[in-house]
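All chains are identified by letter, namely A, B and C, in their written order; residue positions are counted from 1 within each chain.
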């Protein structure tokens, strides 16, 4: 698709939420490649190129029969390795296979490895403390966003934008008054900020109330953004009653959660954004999960509008150089990790 | 428009259904060329370039006056040979003419010859047994389809797709279980299949009923696809009560018809599709004509959806080679005839 | 934006109607450049590049605070000269400025000078007799039109099109029967036509009635189109009772007005069209102003439809040469003035 890729290929990307994949094939472009996902009878997921080797029809228009993906145009049945299995009236032994992709279902998502399936490394799958863990509740959604996936990483690694883009929900002036610390720690770029003795903005007032804590309390607030390859940003956020230890306060003196961001390139100027929130308070409250999802959807819709117009502006002025401030260090270091991963792949082609 | 044309130009293409052309000009792109069609007082049709030589406005925005096409911008009147006839306050003798096209009205359609009008050969007009013939009834429609016209030819010359794309109307499993025979016969590529002693699928059950024959009868079914240059596909289809002679059964023991497909390139990735059905049973039944047209429109809409996505997929993977199976022989041979016609034109430019 | 510009840059263009510019920023592309306009507390208007030097977001998504334009993404505040003023937690002294544009508010419009602000010449602002003049009433509107701004100049400098495009309102056959005179006079190209002893077409019948004159009167009609750089076309139009002196008839024996056309390039194939009418009859009649605006909007919508299709046709046939008739002399001479201005700018770069 692209001569100089702008994303690593030897990595696990979220391709879909688990509930999106069924025995009705799902076509989705990931890292520039058109893929089709379907679920077999045993529940396992397969991923193939979305291209029938017979006449080039998208396999995502077909159907699943006996665990094979059958082209909806002339009936060529393909196996989960991309091999031709059967076609009425044809000997399919000599048919060229199509690509299959390594795919895993974990943490409520279907993940795909765009590079050669033989290079797929299950150990590279991220560990998510909150996933499949009854001590946590999770809710989330999906947006298609017409911008380079790296602009979304920049966005999430510099939360000073909350003061402006999200002024009515999670923004507050103390965010951009408080310096941020950025560091590399193992496989993560971490950028963090703590704001002591501040008022809680509307979202956190709601959360304090939901957790049975006083909404008007003076709080200590924290934001810890963690980037990891290829393009995941997990953000620890929360507020604790002032003076109770902040991030380390006892569970009943704080409300805290993970903002979950899986950012999957579609093309060079678009991506799939799987967003959500995992929380450790009132985990049994399904109505609260819905309410948070709705609020988060509104907030992330504000990012969508800004990012798509930023992308359009950058395409209009391709020659312009941008500033790199201290607040941009998180995004800049994340891009360094991405570039290094791409360079490493180029040195040892898959 | 195109340096290496993908269609013959010395040929008759259906430009419009006769009722589409009136004294209100009709603009339509054919074989990459923007044309305008209009009808004169004597009922004859003229076709010109859709480009006023004065300021480049589309003539299709103008009007017809005294058999001349008058530009709707500043009033230049053009004759049916593209010559400037008159313009208020101007001497038009030195105005450059625009191209006119050879045009014929036959069989309920307006046909155009995109190459130089002097090369137009009325004898090359196809003979259609069913047209202007009271022993037959005809109904049809028009679709604009965003794919290379040759993908539609492929589609119609390999009816195994009916089993998949049209499974609820004319498809049945015996279609792709029965081998097809492909041959060249004179100016036609013919691909045919007969299925003996099968159940009639829904469309043919309806037709049997309309003709007063038992819907549940075991039938012999046939499909004879006939391609002729530049891009016409006429398909003889029908079912006869089993054992009565199939294709050759007496008229009162079978229902049969021609599927009519005129496929006119618009651009390299789009075409005009004039489809219809001519039948030899219950020819006086106008309600049946409407009902068939509606059913055929639904069925051909299924092809439209598949073909447009096939085209998009082929544009995404321009380098991929497709398979060429026995079932594809009809389309492949049709393309050979097309390529030979294009090569012949290149050798003797119009 | 463009290597060979098709518009002068050292000139005042209408950027917006005055009421469009407030403390809520307005983004608009002018002469290929994305600009943002906003109004300061003292009512003055500023114009900057619509590009935040920090991360490239459009400044038009931001807000105005203390006369500074604040980026809506991360809060960089810029002054009206494009200089960075302030950003939370940042020292902005070394931030590169962005471009600011010379801007003036005159005659109910905001005007911008796309070339370097230092070259801006207030004396080059056109004088408009009717503007800010209680003896005149003005009403107008705005259209975005997808065509080269020069096609609109051609349109307005050759009113023979009224007979065809506006046949039901201001067109009449005498327009293209009457030769036009074209001349250069100072900084203007003028093309004029007088029609003596004609019937008034529907628009002028309405105007005669509104002015208390007989609608069925035989009239002397005039049209005087005045082009001036960079792309303004002011048209004196009117009818007088026949034999009363035509253009020079006493005020109470005629109805007359200026058709006002400010034509601002957006891209090479689109422009902003600010149209209106200034009249010297019944100036206190606001309902008449509205009625004229509505009628004019309908008429200019007819031009829009024609011009956008003309543009599409010219893009389809880029190699075709157009005719240059006597009626086209106004547009042709206007283009000569434009080309000379562009050449002069190229010789002495701004």
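A few points about this structure:
We take it that contacts are C-beta pairs under 8 Å (C-beta built on N, C-alpha and C of every residue); 3 or more make two chains touch, one makes a residue touch a chain.
Given the structure is predicted, the values throughout are model-derived calculations rather than measurements.
Between the two copies, subunit B and subunit C, the C-alpha superposition involves a rotation of 120 degrees in steps of 5.
Interface subunit A/subunit B: under half of the residue numbers present appear on both copies, so the contact uses mostly different residues. Per-chain Cα centroids separate subunit A from subunit B by 48 Å.
Counting only residues that touch two or more partner chains, subunit C has none. Interface residues of subunit C facing subunit A in the complex, by the touch rule stated above, are 34, 50-51, 53-58, 61-62, 70-75, 87-90, 95-96.
Interface of subunit B with subunit A (complex): residues 154, 158, 160-161, 163-165, 173, 176-179, 305-306, 309-310, 312-314, 316-317, 320, 322-323, 325-328.
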